[in-house]
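Shared between the two complexes below is chain A, which has chain B as its partner in the first and chain C in the second.
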Partner chain A sequence: MSRKVPIALGGALALAALPFAISDFWIFIAIEVLAFALYAVSFNVLLGYGGMLSFGHAAFFGIGAYAAALLVKKAGMAPGLAFALFPLAAMAAAALVAAIIGFFSVRRSGIYFGMLTFAFQMLLYTIALKATGLTGGDDGITGLKPPGAFARPAVYYYFALAITVPALYVLYRLVSSPFGTILRALRSNPRRVQTIGVNVRSHQLAAFVISGAFAGLAGALFAMSSGNVFPGWLNWTASATPIVMAVLGGVSTFLGPALGAAVYVVLEVMISGRTEYWPLAMGVIILALVLLMPAGLTGLARARRT
Partner chain B sequence: MMSAAVIPILQVTALAKRFGGLQALGGVELAVAPGEFRAIIGPNGAGKSTFFNTITGLLRPDSGRVIFEGRDVAGTAPHLLVRQGMGRTFQITSMFPDLSVRENLQVALLAHARRNWSIWPYARQMHTERAHELLHLVGLAGDAGLPAGTLAHGDQKRLELAIALAGEPRLLLLDEPTAGMAAQERIESISLVHRLATQLGVSCVFTEHDMAVVFAVATNITVLHQGRVLAEGSPAQVRANPLVQQVYLGESITSEGVCR
Partner chain C sequence: MQSLLETFAQHFAWMHNPVVVARQALAGISNGMLLFLIAAGLSLIFGVLRIINFAHGALFMLGAFIAVSLSGWLPDGSASFVAMLIGATAGLAVIGVAIESGLLRRIYRAPHEFQLLLTFALVFILGDAVKLIWGNQDHSVATPPLLVGSTQALGVTFPTYRLFLIAAGIAVALGLWWVLHKTRWGIFVRAATMDRAMLGALGVNTRVLFTTVFALGAALAGLGGALAAPVVSIGPGLHVQVIIDAFVVVVIGGMGSVMGAFVASLLVGLVNAFGILAFPGLSVVLTFACMAVVLIVRPWGLFGSPE
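Moving on to the complex of A and B:
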């Protein structure tokens, strides 16, 4: 505990001071890191705590992004009001979709659970691609812009920070709560959880909906920064991203996936700026990860200490 | 056999379960009085596991009734049975290996207190006293901080017993509680279960292969054979039953156990 407080204070100061130290381009990247950190941590609530590997988590990230985009572009609201409401709208839309997908998916476990989430995501991808009137089809929805001063990268960065940090705190309380403790027991031995009097499917479904809602929030935050959303965000290849981020950072710690997201995003920017072989570099990184440090970056740091 | 005046805590009538062509249970009858320590024995394939899984809600019976404290609970979901006061342990040791010994009990106590949906308070300090009491009861108080998966097999069984007791069951079903243990460890282990069940007023039904264990603690014995009740009675009655001796072909049942 004594070591945690100064680290948290130092981290908060660094995050607050960041826009003064870097260019607008890197502020954009920092916003992307915040969004993907929230995405990876919310994904890891399922994987690292609940032992549920979702192969379709991009569905929620994408639904959140589309919900925010539609609210801003097509709901006919005043820009300020739409902007104030988009985080909630994104979470609500993603939670609703997660409730439907989760209702069916938690009936199976392991690879079958993963395949069901995968299948639902492909359905949603196809809808995003073909419902041209609503989603713009292949062209996506572009020209999203926060109103007024929020359009400035540094201001939007603070806005994203003011959403991401409390969201992460809520998730932290969740995994530390009785609900989260039982979730960890579920990863360890689902059958035994049933025989201590817990409805396993309801518990898994609740975790799935919460995880999906925060993934949706992450997607919306990112969409408003990048200014657009495309159907590809819901494609199955996009679902690999939170998996790689979580494993890269370490699934057994709460903030490990956030660190993984930061490293992933920054590496992608640096490597794809120099070469077109970013997928090759990512492949090598994943290989190194699994072979040399299966517990991820945080696991590596922990092994050093002991 | 029990007198007619006693209301059974568990009464099973005409319980049947078929898997494809196999009639695993063909009309099993059972009545367990409060305070009993009932053993269910029988050769491999007699239907003990199916019987157990049907009573505890993991399998739905094809027909028949399972009456627990006066209510028909056949086909009730396992987690609801547990909430109604019917606990169980598993043949293969079943606890939460990734969690600490203390957390194993906290999880069970949180579930028993219906705190499953509590998503804000920190769980770390919850039910620690009761967890410690239960660990003390089963002799694991010194291991509270260890990951449960690192405990020796016998200690994992004790932990599983403590997890089951955390739910304050009135009836506890134990599936092969001494499976995988060394001979002298088995008697020790079942005696602990017997002592705690008596102390806490918990009725028990257990399946067991080791006759020494059965005769050490059982108040009554039910013998299953080919999905039916072959014999039932006190240990002395069952031991003297010629049908039972036939089923355990070539094995004589003595108080020292099965001699081969």
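Moving on to the complex of A and C:
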């Protein structure tokens, strides 16, 4: 504990000072890192703690993004009010969708759980693509802009930071709580947990809804920064992203996936700036990750220490 | 209420036209046969290797692109078309052996997310490899001279190539059934679907079995790609949609069941074909809805068996 406090303080200072040290372009990237860090950590609450592999987590990221975009563009609210409400709206929409998908999905385990989440995600993707009147179809929703001073990258960065850090703290408290202990127990032996008298499904559903809600918040934060949202955000290839980030950082630590998100986003910026073949590069990186360093970056660091 | 019923009935007005129904049924069945060639491999691979191969659509796409290249090199003619089919099938079998023995073999014991990531990585790599080799534009392959034009049957004119696709799909399905039920290798494959550990304990070389099953699955996808080449536009994004349809088929039919893949392929092909007539734009939603219902009610699929 004594070692953790200075590290946390140092990290907070570094995050707060960041916009003074980098250009606007990199502030945008830093905002993307914050959003995807929250996304990856929320995904890993399911995978790393609960042992539930969702093949369709992009659904919640996308729903959050669409909810925020619709609130800002179509609800007819004052821009300031809509901006103040969008994080809550995104979380509520994603939580609602996660409750419905989760209700059906947690009845199955392992690979069948994954396939159910996948099926619902593709259903939502198709709706986002076809419900042109609401979602703009293939063209997505563009031209999102935070009001007033929030449109400045540095200000929006602090806004995103002020949401991401408390959100991560809430998730951290959650996985450190008795609820988190039950989740970890479910990962190793669901039958035994059931025998003790714990309702397995309701705990899995609660974890699914919480994870989905925070993934939705992450999607909304990213949409308001990038200025748009597209149906592709809900497509199946997008569901690889949180899995790669979590495995890259290491699924057995709380902040490992956040580190994975940072490395992934920066790699994407650097590689896709030089070549159009970013997917090829990412494929090779994933292969290397899966075959050579299965414990991720945090696992690598731990192995060097011991 | 009356008008609501009328609007609903309008969606089904095509039903009164038997020619439209027959043509659409044929299109649906022939597309279903192409789906079957992909889904059968996907299902077999899951049954034996316990891996969902998301890269299977990319293997189908490679088959189609190999067909593009071969049809460019070979003279026009029906013999060249046969050579093209054989080339794509054999090419994908070789690629399948390479993928299984070079990559998949290393991660059978790893957690699910690693297997998922590995096949996703193949999707990204093969998707870009196709762009690097064949470029970004769409390609097409000519229908072989023997199968050009249309055929009269039951008073309706059908495109001959579509009829050929149906015949080819049925031939492959029968061939697969024969291999799986009448050969020693087929018995091992079906046994592995039920209990891999027991099969290994009985002294069967599961290493070779896994490699050959993956190679067969890849070869079927390659054949499917080459057969589809004259009726689809062959571009770098082809695999993204193809794998989704195949995945839906395998889930509905039951992971690991070739019979289920056949029935579900027909079902999905027909739902797509008639869904487009009844609810243009929403037909894709129909197939996913079918899949979700099957997963909820009978998660092991229509022809699968519960774990």
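Keep in mind that, in the parts below, the second predicted complex is superposed on the first by the 306 of 306 C-alpha atoms of A that agree within 3 Å, B and C clash if a C-alpha of one lies under 4 Å from a C-alpha of the other, contacts with A are read in each partner's own complex, and residues count from 1 in each chain.
The definition used in the following text is that a residue touches a chain if its C-beta (ideal position, glycine included) is under 8 Å from a C-beta of that chain, and two chains touch if they have at least 3 such contacts.
Only a predicted model underlies this, so the values are computations on that prediction, with no experimental measurement involved.
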Practice item. In the superposition on chain A, see if there is space for chain B and chain C together, and answer fit or clash. Key: fit
Review point. Looking at the overlay, what does A:S188 touch: chain B (first), chain C (second), both, or neither?
Key: first
Study note, to complete from the structure: Check: chain B-chain A-chain C angle from CA centres, nearest 10 degrees, reads 80
Practice item. Give one of first, second, both or neither to describe whether A:L174 is in contact with chain B, with chain C, with both, or with none. Key: first
Practice item. Classify the contacts of A:G50 with the two partner chains as first (chain B alone), second (chain C alone), both, or neither. Key: neither
Revision key, fill the gap. Larger residue footprint on chain A, choosing between chain B and chain C, goes to C
Practice item. Considering only the touch criterion stated at the top, classify A:N199 as touching first (chain B), second (chain C), both, or neither. Key: first
Check your understanding: Shortest C-alpha to C-alpha distance from chain B to chain C once the two structures are superposed, in angstrom?
Key -> 14
**Study point:** chain B and chain C contact sites that coincide on chain A, given as residue numbers
**Key:** none
Check your understanding: Residues of chain C touching chain A in their complex?
Key -> 52, 54, 103, 106-107, 110-114, 116-118, 120-125, 127-129, 131-132, 240, 244, 247-248, 251, 281-282, 284-285, 288-289, 291-292, 295-296, 299-300
Review point. So in the complex, which bits of chain A are touching chain C?
Key: 47, 53, 55, 104, 107-108, 110-112, 114-116, 118-120, 122-123, 126-127, 130, 235-237, 240, 243-244, 246-247, 251, 277, 279-280, 282-284, 286-287, 289-291, 294
Point to revise | For the chain A and chain B complex, residues of the former touching the latter | key: 173-174, 176-182, 184-185, 187-189, 191-200, 203, 206
**Study point:** Residues of chain B that touch chain A when the two form their complex
**Key:** 56, 77-80, 82-83, 87-88, 90, 94-99, 103-104, 106-108, 110-112, 115-124, 126, 163-164, 166-167
